[in-house]
Structure formats: C-alpha cells, structure tokens
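Chain naming follows the written order as A, B, C, D, E and F, and within any one chain the residues start at number 1.
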C-alpha cells in the first residue's frame, strides 16, 4: 500500500531556512548602503557594484568548472558570491578603474574562497582578501577618493571617463591621521560628523553613509541573520579606545562617534566582522573576536601608519579565529564528562 | 628607559612587523611540515625559541669576541653553523638523557632545527643589522622565536580547521598552507609602519 | 470551572532548544480508542535497553493473553507478555525499529480474542501505603514495564531504591514536546487518576520526597485536569504540577530536570546521580495498572498521525501489532506518503519495513507526506556549513554540533570525542535549524556508533 | 654493451629526476625559504640557482670522494662543514664579481648552508654513489632547482613590473601589481604553482 | 692513550677536512677581498659621483658621530669630492634613520660650502614596493637637487619642479617622503656644525 | 716570485685554517664524548628504520624529525611514504624492515567479502536518503531488506589506501592484484562482511553470504543469498551450515573436485572463487550451466 517511502535518520522535518535565504537577507540588509552609494557616487556605484558582483560570480563558476564539479553552476545558487561581490564593491574607492575591480573580485573569490574549498571553508573574509590584495598592488588607486556627486556637481552622469572629471578629496580618517601627527585639527574632523553620518563625504562606495549602514545592520539583527555579539564587541572596544584617545588629547584624537561613523567601521561592524564563515562560533569567541577587531582597528588608526585599519583587523582576527574557537570550547551542559 | 624602549620596540618589531616567517621567509620547511597540529606546532615553536635564543646569543658572542677582533669574518658562516649544529645536538642529547619528559614535549623537535634556516638566518640578520649590544641580540633572538611560534600556531589552528574543509585535492598540504601564509602576510601588513 | 485559577503558563525552561511546528491538533481531540486484535502479532524479545529476553515458549505452544512468553535473569531486563491468546507460529527474525532484525515470537491469534479496554477504572482513593516498596518493584518487574517515553529502560531498575544513589525527587514527564504526538496528552486527560495513582506508587517505591509533574504549557487542559484531580487525592502535598515552557526538547529528562530543579545532570551521567528519577506519564499509568490489577504491560497508547493518515487518532494497541495493520485500521493513507516514522518527526525512526511490530516504546506512528519531507532537509541538498552558529545556539546540551559532525565526516574521531560527542542525546535540534541542511544529528550518531565499535574491537 | 647502456640510462634518469619527478621544490618541498625569498625577479633567482648548483656540485664531489671514510656520527657534521665552506666561497665570489646581486640576495646566500636539498643530496646520493653519478645528480637537482626558481621569478617579475629580466615586455599601460613583489605574491604564487604541479603530475600517473 | 687513538681514528677526516676547508676559504678570501673592498668603494663612488658630477675622486675626510632623531648614535662618513683640478667641489656623507618599515640609509651630497644639497641617493631601504620605494624615483629625488642645505619642509601639495626648501611628498608614500626629509634635516645640520667645528668648511659668510 | 706569492697567501690564510681546525676538532671531541656519554637506548627496530631514513630532520613528513617519524611508522605502518627526501627508496627499505617484524608464517591474509548481492539481486523496502555511508545506513533499520548484506556505500572502499576495493553495482569487490592485506577494509565494514582469510591458494573458494535468516526469509530478500539447504555440506565436510548459513573452513581448504561439485550444486550460486584470477561467478539463474574447466 505504501510505495516509494524513504528512510533517513532523524530529524525528519526542518526549519524552512537555507543558506540562500540567509544570503538574500544580507543582500537586503545591504540595500540601503547600495542606495546611498548610488545617490552619492552615481555612475561609479552603477559601474562598480555590478562589475564586482558579476566578476565574483563568474570566478566562482570558473573555479567550479576547473574543479570539475558535476554542476558548476550549483554553488552560485547560494548567492554567497554575490554578497562577496557587493561587499567588495562597497569597500572600494568610487573612482577605481573597472579592471582593478575585476582583478580584486577574481582574487577575492579564487584565492580568498575557492582554493580553500568554497563556501564555508575559507579562513579569511574573501572580500577583505580581495581588497587587501588590491591595496597591496595598486595602493595609489586605492587611496584616491572621489568626491560625492552632491558636492561635485560636475560628476559625470553617464560617461565613465573618471580620471578627467573626478574631483578628489581626502577622507575624514586621513584628516584624523593628520591631526594625530600635527596634534591639532581633530575638532575640524569632529565637526564633519553630520556629513559622515549622512554620507556626503569622500570615502569608499559603501562606507560613507553611516545612516544607511545602520539601517541595514538593524535589519539583520532584527531578522536574526547576524548575532548582535560581534557588532557590540567591536563597537564597545572602538568606543573605549577612541575615548582614551580623545581624553588624552582632544586636539589630536577625534571623538568616538566620529571614529564609529567614519571609514569602514560600520560596514565592518554589521556586514564584515559578522561574516559567519570567518568569525568564531561561540559567543565567548565572538566577543574576543569583536574586541580584537576593534582594538586592532583603533591601534592602526591611532598608532599605526595607515589611516584605516578595519581591513587588516578583520584579516588578522580571521587568522586567529580557529585558535579562538579552539580555546573557547563549549562545556557541555552537564559539565566535563569525568571519564 | 631609552634602552628599555629600544628593546621593547625591537622585540615587538621582530615578533609582528618583521616576523621571520612571514616577511623574511625563514623557517618555511618546518612551517609547512610541523603546522599540522597545534600541540606539535607549539612544541616546535618552543624548541625554535629556545634554540634561536641560544644560538643568537652564542653566535653574537663568538662573532664579537673572537671573529671580529681576529679579523676572521670569512669563517663566519662555517663557525655559525657548526656552533648551532653542535649546540643543538648537545642540548638534544642532554635533554634526552636527563629530562625525558621535557624531551618528549619539546626536545623531539630539536633535531628538526639544525636544518632550519630560521636559526642561521636570524644569526645572520642580527649580524646584518649591526646589533652591537648583547642584550639587544638576546632580546631580538628571543623575539624571533616568539614570532615563529606565533606564526606557526596560527597556521596550525587554521590547518586544523582546513582538515574539515573540502580543499581541492591538488592544493592539499603545502600549497594551501603557502596560500594561507600569503594571505596572513596581507593581514600583517596592517602593522607595517607601526613600529620604527 | 474551578474556583481557584490555575496558572498554566510555564516559566521554567532550559537554555537552547527550538520550536518546531506542533501539528498536535490532528489528534489532540481524539479519544483513546482500543484496537481489536488482528490475525497475528510479533512480540519482540528485545523491547528495552538491557539484556534480550529468552523465549519461554516454543513453536506450536499455545499462549494466553497476558502470559509471560519471554524473560531472562539479568538485572537490567524486563519480561515480555503475550497480548493475545493464540498459538506460537514461529520464533524468527522480524524487522525491529532499532536493531534492524531481531528475534520475535510470532503468535497467530485465535478466533476469540476480546479487545482489551484501557483504564479499568481508577478512583482517587488509592492508598499507596497498602503496598510495600518491594511489592511495587516486583509487580513492576513482573509486568514487564519499561520506560514508555522513548528509551525503554526497565522501570524497576529506575525506581528501585539504590543505597549508592539515594533518590529524592521524582519527576513525571508529561511534556510530550515532540510534534504530532498526543498519546501522553490523552492519557493525562483520560487516565488522570491512574497517573496520580501510579505516581504515588512510584514515589513510594523509590522513596522520593518530592514529586513534580512537568507539563508543557501548550497543554493547559492537561495541567488543569491534573491539578484538579490532584486536589481530591490524599497524600498529595508534595506532588506539584509544574507548567514548563513549550519548547523542544523540553521532554528530554535532562532538560526537564534543568527546567524544574535548575540542576544539570552530569554529562554522560544519569539523573540518579543527582537524586532524580524521571518517569513518563504512560509509564506511571502502567505502574498503577500493574500494581493494582496485576496486569502486565501488553498494550499501549499509540498516536497514529500525520497529514497522510485518513483517520488519525490515539489508539490502545496490542504490542506486537504491525505498523501496517495499525495504519490500515486508521483507514490507510490518503496522500502520497513519503515517510513512516515510529515516534515523532524530530527523534523518531523512519522505518522501511511496514511489518515492523509496535513495541513497548512506540508512542506514535507518524506518516509524513511527500510535500513535508520535500520541505525537510534530506530530500533537499546539503550545502556547506556556513558556520552560522545556529546549531550551537539551539543545542540543549551546549555542544558544538558542527564541529563534531564535521570531525566525524572527516574521520577524525578523536576530535569528535574532544568536543564531547558522547554528550549528544540526538534530539535533532541542530539538524532542524541548520540553514545548510546538514544532517548533523545523523553524523553525530554515526560517530557514536563508530566509537562504540572501536571500543568493542579494541580489547581484542 | 648492455651494461653501458644501462649506466647511461641511469645517468639520464638521475639527471631528469631532479627536473621533474623529484624536483626539489615542487616534489620534495625542500629549500622553500630561498625559493620564496629570492624570486621577486629573474636575475637574483638565476644567480641564486647558479650558486646552489655550484655548492651542490662541489659538495657532492667532495662527499662522494670521501664517502668510504665517513664515520656515522660525524657524517652530518662533515656534510655541513663541506657545504658551509663552499657557500662561503660562493658568497665571496658573488661579493667580488656580482656585488649588486650579492646585495639583493643578502643573507640568503649563506642560508644555502641550511638548504635541505644540498645536504639531502649529499646524504641520499653522494655518500652512496660514485663520483660520476654524484655529479650528474648534483647537476640534475641543481638545474631543477634553478629552473623552478626562474619560473617562479619570471611570473612574479612580469606581474610586478611588467618586465622580465628587467626588459619591459608588457604594454606601457600595464599597472604593475606591486603585491607580487611582496611576501604575499611569493607565497601565493608558489602555492598555486605547487597546486598546478600536483594536478599535472596526478594526471600523468 | 687508547682513547686518543680511538678519537683520532674516528675523527681524523673531520680534522683534516676542516683544516683544508679553512685554507680554501682563506685563500678565496685573500684572493678576492681586495676586489670586494674595491666594489664597496666603487659603489659609493659611483653613487656619489652621480650626485656630484664634477667630482673626479672622493677622499674620506672624517668620521663623525651624529644623533638620530630617536637619540641613537650613528656614524657618518664624510667624503670630500675632489675635481680634476684638485679642488674641493663638494661633500658627500652617509646617514640613516627610520623609514616606513625599516631603516633607510642615504648618501647625501652637498656643495663645497655646505649651502646647497646637490642630491641624495638611497643606499639601502626596505620600503614597500610600489609605495615607499618611490623615494628612489627621480620625480621625488630631483626636488632635492639644489635645495638649500638647511631645514627642509615636507608639504603635501606643491610644485615638484620648484626647487626650494619645500619638498613635495609622494602621494601614497607620505611617510617615506617625510622620513627622507627628516633624515636629511637631522644629519645635515649636525654635520654642518661639526664640520664647522673641525674647520673643514668655512664658518659661513 | 711565485714562492713569495704563495708565502704571502699562506700568511694570510693560516689563521683561518687553524680556526677551522680548532673548531672541527673541538666539535669532533665534544660529539664523540657526548655520543658515548649521553647515549640513550632505543628500540632497535626504531633504530633500524631511523637508519633507513635520510636523517635530514627536515620535517617534511609532518613529524618532529626522522627519529619521531621512525617511531610513528613502527606504531602505525600506514604512515609509510611520507618522507619526501627519502622517496620511494626509503619507503621500500622500511617496508622491508617492517615486514620482517610481521611474522611471515602461513599464507598471506586477504579480504573476502561475504556477500554477492548486487543492487538488482536485493530487495528494498524504501529509498535511503540519509548520509551515504554504510555505517550511517546500517544504523537505520531495513535500509535494504537483508540485514546482513553489503550496503554498497563503500566505507570499505574509502578505507582502502591502496585503491584495491571498488564498488561494482552496489557490491564491494576486491582487486586482489592491488590488495596488500592491510585489513583496513575489514575493520571499516559495519556489517563485518569482510573477513581476512589466509589465502593458501591463489584463488580461494568462499560462501559469499552472511545472512542468518532462514532459507525462506533469505529468498524473499535476496536472489543470491545462502538458503542453508545444506547441499554443499553433503559434498564435503569443509562446508558446514550453522545459523542458517553455510561456511567454508578456509584453514582446511584445498581445491579438489568435491568442492567444485559443491559449488555447482549450490542452488543460489553463492559459492564462488575469489582471488587474482578468479573465474566469473556463476549466475544463479543458469543453474545448469556447464561446469568450469
């Protein structure tokens, strides 16, 4: 009477949740930042984001082909390459030439992800790997910041002949670095807080608008796509270090709020540090990771030579994530078994 | 205060900024070979730290007390390698005979070290950098060992995780370790310029 | 209805856990219905944890309903009885839900076999002091009572006083956290007095001084009914009904103990280590029947449910009836059924051979439709773990399921042991929530089997 | 006759072994440090390779000559001493006649001493075989090592400067990938190359 | 006695070999060390003469000790550039200081009155390829040719063509640019003072 | 003139030579003394293996030097072949040393899979959708009807390091040409189907079934299972039927006509040959097929 029944081990039902769903949520969370990028950087966003996404996806497909996966298109279905592409694009300077973005995305996916075995296996955040590689290769291109269209009305609306028209401007963090060196001028950076909050300032595509990032981050937290522990840990440690700085010398070190809203901090807090694949599994581990990211970022921003250290902080903490996981082993509910 | 500062900066610099493995490419063989498990990696790191401190100090002394005054710098390489090899072998035999437990936990790594260029490399770098102060030489050598330990432990942690991953067959083992090391150096670039 | 309002909202719970859809309304209102004896039953000689029974009858022997047909001398063992009157056809291998194939006594029913009715009528007047602890224990053993909540541990062993592990607290487990199943719920509603009687007897036998009846707060009627009935009983001061929060696997004894007593049972340990005995409501009901009426455990309540079943309901089934017969009794299946599960969808065992007989531990037969398992993970493809940590979050045992499962998958059993694979109770929460559809529980189970086998092979 | 052909075949095999089947870098994973350190450009890589060939050749010759006189417990010490001597000579030579290369290679020349390939060949081949075979072996291994270095260096130099052997070959619009000259480039290029070699050799067998 | 015999039997080869090797090294050294020395001098000379085109030869004039910015003492050699006509056409000296990653060593040349810098050359540096190593490019270096031998200033934007005490930083390598300026600033003033003290140059007009 | 040159060279060279001499002899003394004074006794087998390794202590094997690797190999011969510098040569030598340790008395043991049911021979009640390994499938009841037969997910195949096992239509088949007799497969099989049997002949006869069901049940589940009819045991006493299953006594097995007859008589064809050149087993349907030469 019963034909074609199936067997497998328990449980036999599951939550209607999939990797794809999680990734789509992240993409939805990124929409405000994308919109802000489009608003402030116009044609650049329009070019850069699709470029990165397409080349990331294409690279993943190629890698699958090379690995002779039976179905090379399959792993594209989980949209993780799309997320990587978007996040990479959002962390690039707006005026970056297309070919650079292609190299970055290809490197991010091929070396950052696929050589480790694809989704879930990578040790380092692929987008940050791509960005770090680009920074190491094409440092000057990666530190040329185009002014937002709302300020620079001459920004081309259609043509992408960027070198000619683009006006460039330093970022708040560069001024902050200057302030640290000259021990004056932090106030001027603080005064720009409103621009850093709305995003009307130079910087990477997706990092300028703190507001948009915050909305997206809140969405992810509410949807329980990300755990609030890492964002909290990063934010708290950043604020602590920034406070120490501005307490020592308010002329040299900018205020904590300015630190939070400038540079890649919020993008990192909500979208990059929370990349589950490269972050620790346990809650204790997440706190260590978050505090580590915040601390290293602030160390680089305050003591180091670069204006921004988010990317390096992420990569470094990614590297120690396995160690964190190992040393934050969970103790089973009934305590250690006494064998 | 000043010397302390210099020592501290030197130490941090060689641990992080000028890490032997990640920036000077020294000791790659054990880095690839013994980074499979954390306990092994840690034992190796400890052994390297011990030997590198010992030989850094010894070679500095020999260089400054014997070779330089006597104008025998040409025989530097030979002397260095012989001193290192001899010292390591002696320590190994000694541990093995008298401290078997210590030997088991880190002494077993000692023979690996003679052919590890981190040791000789460091001695040469100390010489190259013109360190003319014994204390500094000791601290730098010790720091180099700690830097090696750190790098190899991080790598071991990563590799333990990679054991559970579907790394392409042809990249398993040394290739993926090298690539990971490469990405690790990308991360360590963040510290560049922090200490000068 | 009552003058005093009973709080049915559960505050107590354990960390972790998840909320699968309940699907209990399919059968929640269906009264326990006796099932007539079919043509044949196959009584498994192994229906519990512990030593396998030896047959006491041979091929061709005639047996009476309630006759002991298998037993053994081991301490951890419970005898089996024939639920029907008939003739032993053979003693042969039959499909077994856990063991695959195992020896069963196959009995052909005689034509005259009255349908046994449940609940021979308990009132609120049982005085457990009429029975000595020893008497109760013996009756429980003779009746072949084993835990009916799932594991099937011989109940006598559980309730017998043990000088090394003195018992203080008795917990009656009426949570029934598994989706779909309502057998315990119906028992609590319909056999309330019997449960209380059994509880008192178990308390007497085990010498416990405190008794808690844990019921999930999605069963407010059961909580109310139990509370009301308790009031009319004598000697009820130390028996408390505790509403606990509805969350899977609230019914796991470790979780229930954590929820009610705020105590952890040591990993790899058992509740008696902290002075607790946990018994399922069906088990205590069986105790009452065994002690008072001297009636062996030959029938049990089984929920036959699932969207594919024509007439789902709760049934009083002779042990040894085949699943096939039972499903037919319920009118067969209506939709394309895809999976037949002994137990609920979270922990139950999917069976392939529908001739598999019901045993003392079968509390439900759930038939899932194709659509349901299409939505469930195993028909879908597994994707790689994204280390989202959801499985760690829900694991009631606070384990690291993904690490353990991946260690097993890669044959690194020492790593799996290092992450306490043995602490897993296979509740299935981790697999349930995993967005990557990884069969974490399956891998963990595999690893445990592997390890057990390794240990078995080692001494050689 | 047959014997002669046999020996010739053996020589050929030994020579080829170092190039592919037992390539020190790709197959034996030895001498990784210089491989990574000196391959930012083709010139230093070639220089390094030649030094290794020289040292390996000399040490193999010496070891092979002394092979019957070696005492076990002093064997490795003896090898080290021999190698260190020739490395010193090579270093002096470079300093004298290739000062620029000597500067670029810096301490990596003396580090040849601890390069496992050389001691490995001394132990595995020269201490067991006659002079001629030892020489062939040293040449095979040395050339194999040098070629590997050159391949790696070629890739890195092209990408990092658009030039090879300091002669620009890529079009002027090419923006050099500075990272290829940094440690990142070294590690990743070698890693990927190793993977490639693994894949290729899998296919063959 | 027998022990010694035993020892000799075991180790004679090692002893003999080490003696021979020692000789070998020493001979090589003896033969090549003049060339090596010459190389060093040549390099310095060529660097310096690149900076002081009129100079025919250089003579070491003094060995001074200056304090680095961090308070460390470093040695500096002062060379006198002598023209065909045997007149002093300028001075060159080496100096060092912290760069972005590691030490930067420079050779700086000034005119004979220590008034104008005629240029500088990087002796050794370890700056990031593509970033800091741009201090070697003429684009940056040319700004120093003819700059006054006094405190130079680094500015972020300016005219690179204009020669004055303002040095325009390389964008993306401000730190290294600054380091060079700082090293030069630091040493040039101290050396100037010390040389004045020694009477090597006039006490200014 | 030349003499003067040489003299000059000598003058500048002798201190270096002397230093080296001093160093060399110094170390020779120290090491000689140390090697005698600080000697530690080690297992001679380890010593032997250690000798066979190149003694480079390069760490490529993943162990802390050759000594440790030698020790590890002795404990776990599966680790053989990790020494890159030593290469094939060293591995072979060590294998030799190791095989000397293993008593080579008696015939070499080779695995025999005690099942001959391919997918089409078996009865299935359900479709298995779980983890595709035998051990997982074995944990569920009745993934296939026969509880004793090969599950066909190839745990044994992945256990074999020598590529000597393959899945053929849902049944594990040993490639006796490649098998080294390491018994890894036998340990891996959750159903204990693979037995290590002393191969006294090149081809061994076997009863390729493990079913302890009675004849009727076996028939219902498997086209080729042993139905315990006892025909084989009637031919020769090296067959015996126990627990509804015929077994062959491998110790006593010698290829004679009697066994051949038993094989032909077997109604289901479960008696067959295994080995390097084993003939194709008889198809059960063609009961009356011509006897093999």
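Definition applied: a residue touches a chain if its C-beta (ideal position, glycine included) is under 8 Å from a C-beta of that chain, and two chains touch if they have at least 3 such contacts.
Since the model is a prediction, treat every value here as computed from it, not as a measurement.
Q: Mind listing the chains that sit against subunit A and also against subunit B?
A: Common neighbours, subunit A/subunit B: C, D, E, F.
Q: Any chains in contact with both subunit B and subunit C?
A: Joint contacts, listed by label: A, F.
Q: Which pair, B-F or E-F, has more C-beta contacts?
A: B-F
Q: Looking at C-alpha means, what's the farthest chain from subunit F?
A: Of all chains, E has its centre farthest from that of subunit F.
Q: Which chain has its C-alpha centroid farthest away from the centroid of subunit D?
A: C
Q: Quick one: subunit C and subunit D, Cα centre-to-centre, how many Å?
A: Using C-alpha averages as centres, the distance is 69 Å.
Q: Once you find the CA centre of subunit B and the CA centre of subunit E, what distance in Å lies between them?
A: That gives a centre separation of 30 Å.
Q: With centres defined as the mean C-alpha position, give me the subunit B-subunit D separation in Å.
A: 23
Q: Subunit A to subunit C: how many Å between their CA centres?
A: Averaging C-alpha atoms per chain gives centres 49 Å apart.
Q: For subunit E, write out the residues touching at least two other chains, lowest number first.
A: 10-11, 14, 17-18, 21-22, 25-26, 28-29, 100, 128, 130-131, 175
Q: Where does subunit C touch two or more other chains at once, residue-wise?
A: Residues 349-352, 354, 378-379, 384, 403, 439, 442, 445.
Q: Find every residue in subunit B that makes contact with two or more other chains and list them.
A: Within subunit B, the residues that touch at least two other chains are 29, 32-33, 74-75, 78, 82, 86, 114-116, 166, 168, 171, 176, 179, 182-183, 186, 189, 192-193.
Q: Who touches whom among the chains?
A: A-B, A-C, A-D, A-E, A-F, B-C, B-D, B-E, B-F, C-F, D-E, D-F, E-F
Q: Inside the complex, what are the residues of subunit F that reach subunit A?
A: 125-131, 136, 139-140, 142-143
Q: Quick check on the complex: what are the subunit D residues that touch subunit F?
A: Per the stated touch rule, the residues are 22, 27-30, 73-74, 76-77, 81, 116, 119-120, 123-124.
Q: Using the touch definition up top, name the residues of subunit C that touch subunit B in the complex.
A: Counting only subunit C, the residues touching subunit B are 384, 403, 406-407, 409-410, 412.
Q: Using the touch definition up top, name the residues of subunit E that touch subunit F in the complex.
A: 7, 10-11, 14-15, 17-23, 25-27, 29-31
Q: Could you pull out which subunit C residues touch subunit F in their complex?
A: Subunit C reaches subunit F through residues 92-93, 95-101, 349-354, 356, 378-379, 439, 442-443, 445-446, 449-450, 453, 457.
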